[in-house]
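Several structures are given next for inspection.
One chain, subunit A, links the two complexes that follow: it is found with subunit B in the first and with subunit C in the second.
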Partner chain A sequence: MSGWESVLTSGIVLGSLYALMASGLTLVWSTLGIFNFMHGVLMTVGAYLAWQFAVDRGFGLGLGLGIVLAVVCLVALGCLVEILLIRPFYGRKDLVQVTVMTTLAGLTFLENSTLLIWGPRLKQLPPVVEGQFRLLGLTMSNQEALIVLLSPLILLALWVFLRFTRVGNAIRAVGQNRESAQLMGLNVQALFMTTFALATVLAGLAGVLLGSIRFITPTLGSDPLTKALIVSIFGGLGSVGGSIGAAYVVGMLEATSVFAFGLYWTPSILFVVMIVVLIFRPNGLFGRQS
Partner chain B sequence: MRLRWAVGAVLLLLLVPLAVDNSYVRHLFILAFIYAVLASNWDFSQGYGGIFNFGHLSFFGLGAYSSGILIKQLEWNPWLALLVSGAVPVLAALLVGLPVVRLKGIYVVLVTFAFGQLCLQLILSQAGLTGGSQGLVSIEGLWLGDYALSADGKLGYYYVGLGLLALSTLYLRWLVRSDFGLSVQALRDQEEYAAARGISLPHTRLLTLMASSLFTGIAGGFYAIYLGVVSPDVFSFAITSTVLGMLLLGGLATIYGPILAAFIITFGSEVLVSLGPVRFLIIAGLTILVLRLLPGGLYSVLELFQSRPGRSVPTRQGRPE
Partner chain C sequence: MSAAPPILETHQLTGGYGKVQVLRGISIAVGEGERVGLFGPNGHGKTTLLKTISGLMRPWGGSIRFRGQAIERSSPGVIVGLGLIHVPQGNTLFPELTVQETLELGAFTPRVRANKAQNLERAFALFPRLAERRRQLCKTLSGGERQMVSISVGLMCEPRLLILDEPTLGLAPKVKDELCEAIGVISGGGVSLLLVEQDIEFLLALTDRLFMVDHGEVTREVRSETGLDHAQIMDLYFGVEARQ
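So, the complex of A and B:
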């Protein structure tokens, strides 16, 4: 029985992380209409920045202040990326394809930059909380429990922001109909930048959380990016809610598959499931026909 | 006009080994031949077909692994394995094409990307056949009777590589000008109109993918045989973005553009190799600059020097949603 308990635990932890990753990816897709291949590497950068500010070998400012400063840097980085790599191409018919290429180039750029700046040596963020706890027969380290708790809270905050604030509503309006939003006097350009910065912060926070349970390397984000990609396809790229639901489905699926078929076969199984889903539901598992 | 330039370039390349006997420089030429085949065949599905096939490098990897496995595990003759290494990716293209023809825009990117990852995962998990993460080493090279192609400073490989590039380019020229090639371009430019005129979208898209994977696979096979090694690195993101850089720097839907860019980037990154990871920063930066300032790539600059009125550069490649 202990096998299935650990499946459940790791499924929930993975699902929480994927939800955080995929929400940023979907937010950018549904608002800007581009697929951001840099999402994974922004996650890596977030983890490195927090490490740099927080630990004694870096600036030694402590974890709390470190994360705050990392978020500030991520906002700036997000704005910069939007201005340099995405903004010049709005209005082009092949926007989707061009930005796939520019964000890929950006991915190469940032990945090699982190390698140059921080070197290939493994780094790890200190855990916020130590120890373990048990609940309903499940054993989880406190750090993992924190991830499971924090991630829905961040997503809830995102939902409240998008739903109940002026800026959030404006972002959704721009995503639904760019021209009308512009006619209503919304500053589309500024909203795009805000959205991208927000998604960057979401990626970075996911990176900070991941960096406390895994080692930080320049390629920390590439595996989660692939998973977030699968999640967004399951959820249908359009809706943030759908992709959060899908994140937990994929997390559980992955944990179950690791338990039943082993670590080696799991990625293949996930990809096959994804391709099959797309054959029968080209708009994603929860996606609507558009 | 372009044909004259191409024939001139081939003649020049035929003479290069007479002037250059440094086997390292020849090695770079051979790599450039392989990259040029890879990039120009990608150009057929991407530039002419408008299909954003992110799995193009997986066709290359599959070609490399099929010849590696056939030679190493089944002890086939390398020449025969080289030919067969073109067939395996064509079958794979059929397989990946089935879901892809039903999808549009970004979903094509995602599925083909996922297909590449799937290939990588399968190769990693079948260690008995593929050598797992170590890959296959000491794959037997090509021989003509008693003459090893690696002898005399890789002279044989140089000419086989050049021949491969010439054949592949002829094939692509023929393909683009054929009725099939015209319908491929018609679908890219005016999907509804082309379909209304009786061009079958799924059928044509599927054949486009298969056609672009043939020489890509053979180039992969040649790569494995020439280096004597094949590792899962052939599926890596780094190679995909390098070749994508060649495609964009050269100019989409031009065939000769990506070939030219393959030479520039292969030799250019060799010059920059002492810079370490910085050279990837330079290539990435260049890619973005080209996309921004020179959407038609280098080839559009070359055409400025010709008297012909410039061709319009295709921009419409499928639509989002």
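So, the complex of A and C:
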């Protein structure tokens, strides 16, 4: 297998994970109007929770039930974070700045909590499927293939929810015009909490997927958070569809750069590309002129 | 004062933004089935009054009663549920939602959810143009069409009292006539009306009674049937009576 083939497979895998991360980040930005620095650590917590429920050294409930229980805990955690760190500041003019501080504080708190609870030893989730397969000259482990397939399915479910359900439409409406939404009797606070819980689950699922191909550490989510930030700016802030497209572009770019220039230069190269793109397309790669 | 029992009554209502007081003790009443207008110079508290009534802003003092129930501490959602519907100024709506999606969201509160299909048909019957544009995004609509959507959203909530804040702002005369007729049909169906409007002809055509709001106070109350005409209203606007 030549190097470029592995670039392609690793690019697609990274892109799938970034798409999951960035969609949640963008959903919170476009609905609540805040940037959530906890998104990465919520991903880490998702991976640890699934590990705790699933593996024999934890509660040993098996991977399927483990993931389900992790999702339930993530919903509760998402609601709690929204109530404690974001809700007290709605309606303030400096909401964005204040929540940058509160979510950064939450990030530090949760990151150190995971270290206290689960310790510094590396952990890994068992793969759902073993082995590898070849397709069109590409070699991929079955676990990676699962990520590549599962991630678009989760995003499709998100799209169907936002586009075709009553609550999904209400979430989009609240993001576009809060006052009109209130005057139609929509419960803005409940919708904000739902949105934040949904984004937390998306982050946690990304963590579960990543936790099976990388080691779980308390800082598992910090690099994906940076990438998700690049992706959502790249995709035109606030557009979930744009973020998903941009996620695959950034994933490919990263894989190419790692192969061609090495791991150390890759973060700088990503930021340079982002800056160049924003010079020529200030609204992002897929953003519309406004 | 109207003979019918009031559907909406504010008493000595005060309020504002931050430290700036805008409402300085406003007492108005709207009778059941009555059509009341508010007029007065811009920036003197009409929109603030409406926002305070519909629960978007907390009043500083005074009381608001809707159908006998105190609502000055209620959330907008509860107030919508009671049937007090406020169509805000500027018809901003939801740019990225289609007409149909927007109207269906209008039926979000449990009280009216079951009647969604029926109310949608009623809105489309009133504004046939919206039926043609039901799959279009709101941002692609003209100003008049957007105002029609705003009013229709109000109808989806089955209003007992409909509050309209400058519905004709920036619209062509032909569209104004169309809206005037539609609002007449709505109030003819038994819905009480509280209308803020700068277009005096529009206001006189649709209301029985007018309050003039000036510096956050009601300075004049006039009945339309006393034959108040355009010139007299303009005099009130520009303070001719102050010279008397």
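We adopt the following convention: the second predicted complex is superposed on the first by the 283 of 290 C-alpha atoms of A that agree within 3 Å, B and C clash if a C-alpha of one lies under 4 Å from a C-alpha of the other, contacts with A are read in each partner's own complex, and residues count from 1 in each chain.
To be clear about the criterion, a residue touches a chain if its C-beta (ideal position, glycine included) is under 8 Å from a C-beta of that chain, and two chains touch if they have at least 3 such contacts.
Remember, it's a predicted structure, so these values are computed and weren't measured experimentally.
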Touching A:V100 in the superposition: subunit B (first), subunit C (second), both, neither? first
Touched partner set for A:T226, first subunit B, second subunit C, both or neither: first
Touch test for A:I12: subunit B only (first), subunit C only (second), both, or neither? neither
With the two structures laid over each other on chain A, which partner does A:V272 touch: subunit B (first), subunit C (second), both, or neither? first
Of the partners subunit B and subunit C, which touch A:L84 in the superposed model: first, second, both, neither? first
In the superposed arrangement, which partner chain does A:N169 touch: subunit B (first), subunit C (second), both, or neither? second
Residues of subunit A touched: more by subunit B or subunit C? B
Taking the superposition on A as described, I'd like to know which of subunit B and subunit C A:L74 touches: first, second, both or neither. neither
Looking at the overlay, does A:N177 come into contact with subunit B only (first), subunit C only (second), both, or neither? second
As the complex stands, subunit C meets subunit A at residues 54-56, 76-77, 80-81, 85-88, 92-97, 101-102, 104-106, 108-109, 153, 157
In the complex with subunit B, residue positions of subunit A that touch it: 29, 33, 35, 84-85, 88-89, 92-98, 100-102, 104-109, 112-113, 115-116, 222, 226, 229-230, 232-233, 237, 264-265, 267-268, 271-272, 274-275, 278-279, 282, 290
Applying the document's contact rule, which stretches of subunit A touch subunit C when the two form their complex? 166, 169-170, 172-173, 176-177, 179-187
Quick check: in the complex, which residue numbers of subunit B touch subunit A? 52, 98-99, 102-107, 109-111, 113-115, 117-118, 121-122, 124-125, 237-238, 240-241, 244-245, 248, 276-278, 280-281, 283-285, 287-288, 291-292, 315-321
